Amino acid sequence: MQKKTFNIHYFAILREQRGCSVETLESAAVTAADLYAELQAAHGFELGTESLKVAINDAFCDWGTPLQTGDAIVFIPPVAGG
Amino acid sequence: MQKKTFNIHYFAILREQRGCSVETLESAAVTAADLYAELQAAHGFELGTESLKVAINDAFCDWGTPLQTGDAIVFIPPVAGG
Amino acid sequence: MFELSATPLEAIDLKSRFADVRAGGYVTFEGWVRNHNEGREVLRLEYEAYEQLCLEEASRIIAEAEERFDIIQAACAHRTGTLEIGDMAVWVGVSAEHRGPAFDACRYVIDNVKVRLPIWKKEYYTDGDSDWVNCEQCAVHGHAHGA
Amino acid sequence: MFELSATPLEAIDLKSRFADVRAGGYVTFEGWVRNHNEGREVLRLEYEAYEQLCLEEASRIIAEAEERFDIIQAACAHRTGTLEIGDMAVWVGVSAEHRGPAFDACRYVIDNVKVRLPIWKKEYYTDGDSDWVNCEQCAVHGHAHGA
């Protein structure tokens, strides 16, 4: 299975649980959902995809969006602006 | 007919049409409506009572309110605050 | 809290009265003098107020707002005298724990201030004419009273 | 117009961008840090923002407001970093010819800013605990994640 390289940015509770703000990793994940499942298994993130949104290259995307190598991916916990 | 003394304050368009801000006059008017009719006849005010409100001693009143000697009376043209 | 001011509202620190650690939302409305009204070019305007009744009626409006909506505080200030284009004619501020009641109460106050306070506005137009606003519609056949 | 600011919004002259001789109504909303939230005593809080997406989504919200309502201009500013009780967390300003659309658009912007901008708030409580707001309800069995 061919691996791609992703840049993953973490914010808020995910940043704290991951222990870093950004990481670059290689993964065989096809979709954003695949990638989150892999990371959740590795780091024990409590939030499921039903509570998150995902952005790829600074745009909101569907969980089923196919990932390209070099993509910047952000998993977005429930927001609380204002 | 017994006359009473009233202090009448004019604002805005009525002040301009009357040519003064306040006057003291004696009148046999029984109600505020009577008094306005008398003043309208004397000074040619264009606004009718249907366009005005009336305040007696700094409180909004009905046109039929009986007047007492010494009352301060204000006829209130359509307002335009804000 | 209501005040009439013969000097610019811009110079008054209206917000400072609102410090309250419970407040989460603060809504303000400012009415500014526009350069036009009903198709006529406005040069400046003058506000005249029946002060005593104004203060009483405004207190009543503010008390109504504080009773009807879940707010912490409401206040209003209104100018009198001569105003130029862009000047602040009226100000309303409302603080609340949550924003919904703050918006609703602010709108309630300004809506009622506009129709209930004994304040009159005379507009001076670029063509040299002038008019007491709202009187023109009431007088028979329109604008005759300004003549 | 939207900006994220790591320094106090109180120090920014947010209103100055709104001078327009056509404007008759100007509505603002300010969100202030309250001393309590959902029954807990708040000491201070921290906002963290995903800046690039924040700027894009906020521009979209402001454009929507300007399209849906008959207004002249809308703007918004949001704090990041550490805020104390009473500090301004968010500001929205809207100018319009008439007040109705100004109120409606201001409310539209703040309602959408709160649910759509990728900004997160961590509350620090007087009892020493802290929580990412909104995450507690999402994580299984409540407050476990803060542990």
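In this document, chain identifiers A, B, C and D correspond to the written order of the chains, with residue numbering beginning at 1 in each.
Methods note: contacts are C-beta pairs under 8 Å (C-beta built on N, C-alpha and C of every residue); 3 or more make two chains touch, one makes a residue touch a chain.
No experiment lies behind these values; they were computed from the predicted model shown.
When each chain is reduced to the average of its Cα atoms, B sits farthest from chain D.
If you average the Cα atoms of chain A and of chain C, the two centres end up 51 Å apart. A separation of 27 Å divides the Cα centre of chain C from that of chain D.
Chain centres here are Cα means. That of chain A falls 25 Å from that of chain D. Annotation for chain D: residues 31, 110 touch two or more other chains. Not a single residue in chain A touches at least two other chains. All chain pairs that count as touching, in label order, are A-D, B-C, C-D.
Per the touch definition, chain D reaches chain A in the complex via residues 31, 47-50, 52-53, 56-57, 78, 89-90, 110, 113-122, 132-135, 137-140, 144-145.
Within the complex, the chain C residues that touch chain D are 19, 21-36, 85-86, 97, 99, 102-103, 106-107, 110.
Chain contact summary for the complex, chain A toward chain D: residues 9, 11-13, 15, 17, 46-47, 51, 55, 58-60, 74, 76-82.
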